[in-house]
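Take a look at the structures listed below.
First chain A sits with chain B, and in the next complex the same chain sits with chain C.
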Partner chain A sequence: MTRFLNDSALERLREAADSPELTGTRYRLVDKLGQGGMGGVYCVEDTELERRVALKVISVPDPDGACTVRLLQEARIIARLEHPGIVPVHDAGVLPDGRPYYTMKLVQGKRLDEHVESIASLSDRLRLFLRICDAVAFAHAHGVLHRDLKPANIMIGPFGEVLVMDWGLSKVLGPSPANDIPIGHADSGAATENRTMLTAHGTIVGTPGYMSPEQIRGDASLDQRSDIYSLGAILQFLITGNAEAIAKPLSAIRVRAMAENPETRYQTVSQLSTDVAHFLDGLAVSAYPESTMVRAWRWVLRNRTWILLLLAYLLTRTLLIFFRPR
Partner chain B sequence: MADDTSIGGARHQFPSTHWSLIEGTRSAHAEERQRALDTLIRAYWKPVYKYIRLHWKKENEPAKDLTQEFFVRLLDKGLLDRFDPARARLRTYIRVCVDGLVMNEDKAAHRMKRGGDGVLLPLDFQSAEGELIDLPVVAAEDDPEKLFAREFARSVFGIALERVRRECDEKGKGLHFELLELYDIEEGGKELTYEEVARRFAIKPTDVTNYLAYARREFRRVVLEELRAMTETEDEFRREALALLGVRL
Partner chain C sequence: MNKPLLGIVLGTILGAVDGLTAWFTPAVRNALLSIVIGSTIKGLIAGVLIGFFARKVNSLALGILFGLGVGLLLALAVAAMQPGPDHYYFAIMLPGGIVGTIIGYATQRFGERPQTLAR
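Our next item is the complex of A and B:
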């Protein structure tokens, strides 16, 4: 007589049967780390190098091969982005069970949405935000859009490393073949078609609350300003509930980053990060036009040491004039 | 990999020979025919019964009659002869046939009351009825295809587990299967660390990893073999593996 399996046992068995088949590979399964939109991520041991790495493999039905194409695309995009703020890919291939996979650095840390409470000061949060901006700006400079930037996709490592994760929805910008990434075994023409198809399908388009209005509409011509909107939403997440964050310039930075119209947003990530850095340094920010009085007061505040020294000097001279023995 | 088969695995993992279930049911050899029918009934009778109970909301007695009637028709009235693998998967075809039977329920019930063909299959309805208690309530708008697929998956997984248990016992690997039961079937098993399990069974934590990996691999292999036996074409086999396991072969 067969044993009755309830729904949760059924799901666990499905997951177990879905574990990557690693026989004959250099990897040994240690544990499952998580489940993404199309793939599972496992902790595996690289038996040759004797270290643990993360292995991502497709774990959802993929009848038309779209997920396979996307996984390989993701691996190749990350491999192209060698930056301290982007998790490095080590290896990619096909498992003995026929599923494509790639391995990457095992990041032991916390997601930003789980870690944020432990960052008390606004300046620390903004400095962390600048490091996220650095990684995204680097990707943009290499013609890559992330398209799913959100706190859950930012990892904070045990030594304070900031890593932008999950490039599964990323897209290569630009029509130039040199900028394009071949997907799977297709040629570049097919690659473009696949990418468009995947976007047009709308099966995975991003995360509500962090997607730009044009991404929600499903615009095919997204550019880096869409990521800038998401960065604005992350900035909002970081400053919400912080009393210092009511500073008008900082609020203006967020508003400009999250403008409905891409034309009125920051046009590059470096413009956004420059404004945040200026705010941290007490300088004027481009998103917040100031009156002459405010600008003068800001100048005074910035140069207060010199001004105080000058005033002290003038006061001393004045006193000397009045009280000099005749 | 030179040893790979066309279904995406090392040659030893998935046998490439394909035994056709439908052809088996039409075989001139009684033994072959019986084997095919046994396979079919073993995998499908519980999904059919539960589907009639849950989707068609039939009481258990009418559901038992309809299940018996369905398989009697399947065996004697040549329902399988009309199955075309190019048009649908076998699972879907069987569900649609069940729908047709239930929609003509009055006539079918009447025939059964008259005695029908007098053939009753030895199906353990009591166990199937007991399992229904643990199943979630099905809303009227629930997709019947999904419901039937879920029950089919439950049936196939149950059959596969029994086979893995038997094979592990035969190979002296009973502990491997126990670990699979502990981690993947019993509630709360996943909460245990490998170290805790290793202490409980007086083995090394690395053995827990290896034994569990073995049992899971065997479970996957057996599920795929069972699926292969229950499907008609390579394409259908792949689609069922996708639907049930989420694996791309």
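Our next item is the complex of A and C:
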């Protein structure tokens, strides 16, 4: 047998065996998009609606059914988050081969870590960051923590859409059946090698460098401030290497978002995004206390056209009074 | 405040203030009241024109240019109506032009755009 099957042939056979059995369903396999710890993500054709969607299916042995529960829980969590910045779930069910799956919008674009180089200006990067904040704030408002926010999990679509992806590690806050279920860790193609993983019992989930200190400790009582830390790390990623980003107020925003102690961080995503928006508009930010003189100078800079016009008028009038024509 | 209303309010106030500066010219101080009234009406007319222009054209640069033009034209008319041999074109048109520019800038920058009615 081995005389005829080399490694690549064996790999192809393994992939074929892992591929979802779609016979009798409305879907037709097109391509494999990525592989995570728990499941694979495939591009499939929805033959009824004649469109391509992404299908996520479990690709590991699941003797106790835990992965099944996780995958469907992930689908339910995303389904309750209907927001332009969150990839929508279309369908969920069980394939003929017995594996559970869900389908979602097929996002064709670039990951933020690949796309960032093409965004030259700091203001464009910060506006993009605000859109990420919008999606995360929406999830928090619906009681969902992402727990794995990082540039590789942000997709930028061909028309500039910003989508927060990979909710496989998400957690529902408060009393909910979802909290009784171990957390999934599937990855829709993003790099998984740096990711540590765990179950609900104080184990670590997330990506080093983007995890909050309490998440690294395996603190079971994570709240939205943990995601705020990750957003601070994304902000740091976006502004690193940009000379304009040396601005002290922006640096202060990042420091406050990534504070070691959750109590000293921004308490909500909207507080963080408000500060970033204020920075963009040339206004004072709460993370960076300023003297009255600095505030006054900022006001003058913001209203310089208005002030210059009034000064021009006053100067003209003064000159005409003292040097009036005879 | 919508753009035409802002133009009217600002034009009236600036016109009145502009007229009051005549107090610093002793030669015309006796006619201060009529100067203030005339200047206020001039400002009001400029405000109406610039305000309605700002409602139609949403452009800071064009708003400023239009304001400057209206301010200069109205001031030219006022200067031309001056009795006597001296018309003080420069002394009247320069501040008039600046006032028009201020109204043009303010209506574009701070005036609210009209709401679109949904049917």
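Please note the rule applied: the second predicted complex is superposed on the first by the 282 of 326 C-alpha atoms of A that agree within 3 Å, B and C clash if a C-alpha of one lies under 4 Å from a C-alpha of the other, contacts with A are read in each partner's own complex, and residues count from 1 in each chain.
By definition in this document, contacts are C-beta pairs under 8 Å (C-beta built on N, C-alpha and C of every residue); 3 or more make two chains touch, one makes a residue touch a chain.
Note that the structure is a prediction, hence the values are computed from the model and not measured.
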item: Touched partner set for A:286, first chain B, second chain C, both or neither; value: neither
item: First (chain B), second (chain C), both or neither touched by A:313; value: second
item: First, second, both or neither for A:251, with chain B first and chain C second; value: neither
item: Partner touching more residues of chain A, whether chain B or chain C; value: B
item: Contacts of A:268 with chain B and chain C, given as first, second, both or neither; value: neither
item: Chain B versus chain C as contact partner of A:96, first or second or both or neither; value: first
item: Contact set on chain C toward chain A in their complex; value: 18, 21, 24-25, 86, 88, 90-91, 94-95, 98-99, 101-102, 105-106, 109
item: Contacting residues of chain A [partner chain C, same complex]; value: 305-306, 309-310, 312-313, 316-317, 320-321, 324-325
item: Interface residues, chain A side, partner chain B - complex; value: 1-10, 12-19, 21-24, 28-30, 58-63, 65, 68, 96-99
item: Residue numbers on chain B that touch chain A, as the complex places them; value: 1, 7-10, 13, 124, 127, 130-131, 134-136, 150, 153-155, 157-159, 161-162, 180, 183-187, 190, 209, 213, 216-217, 219-220, 223, 239, 242-249
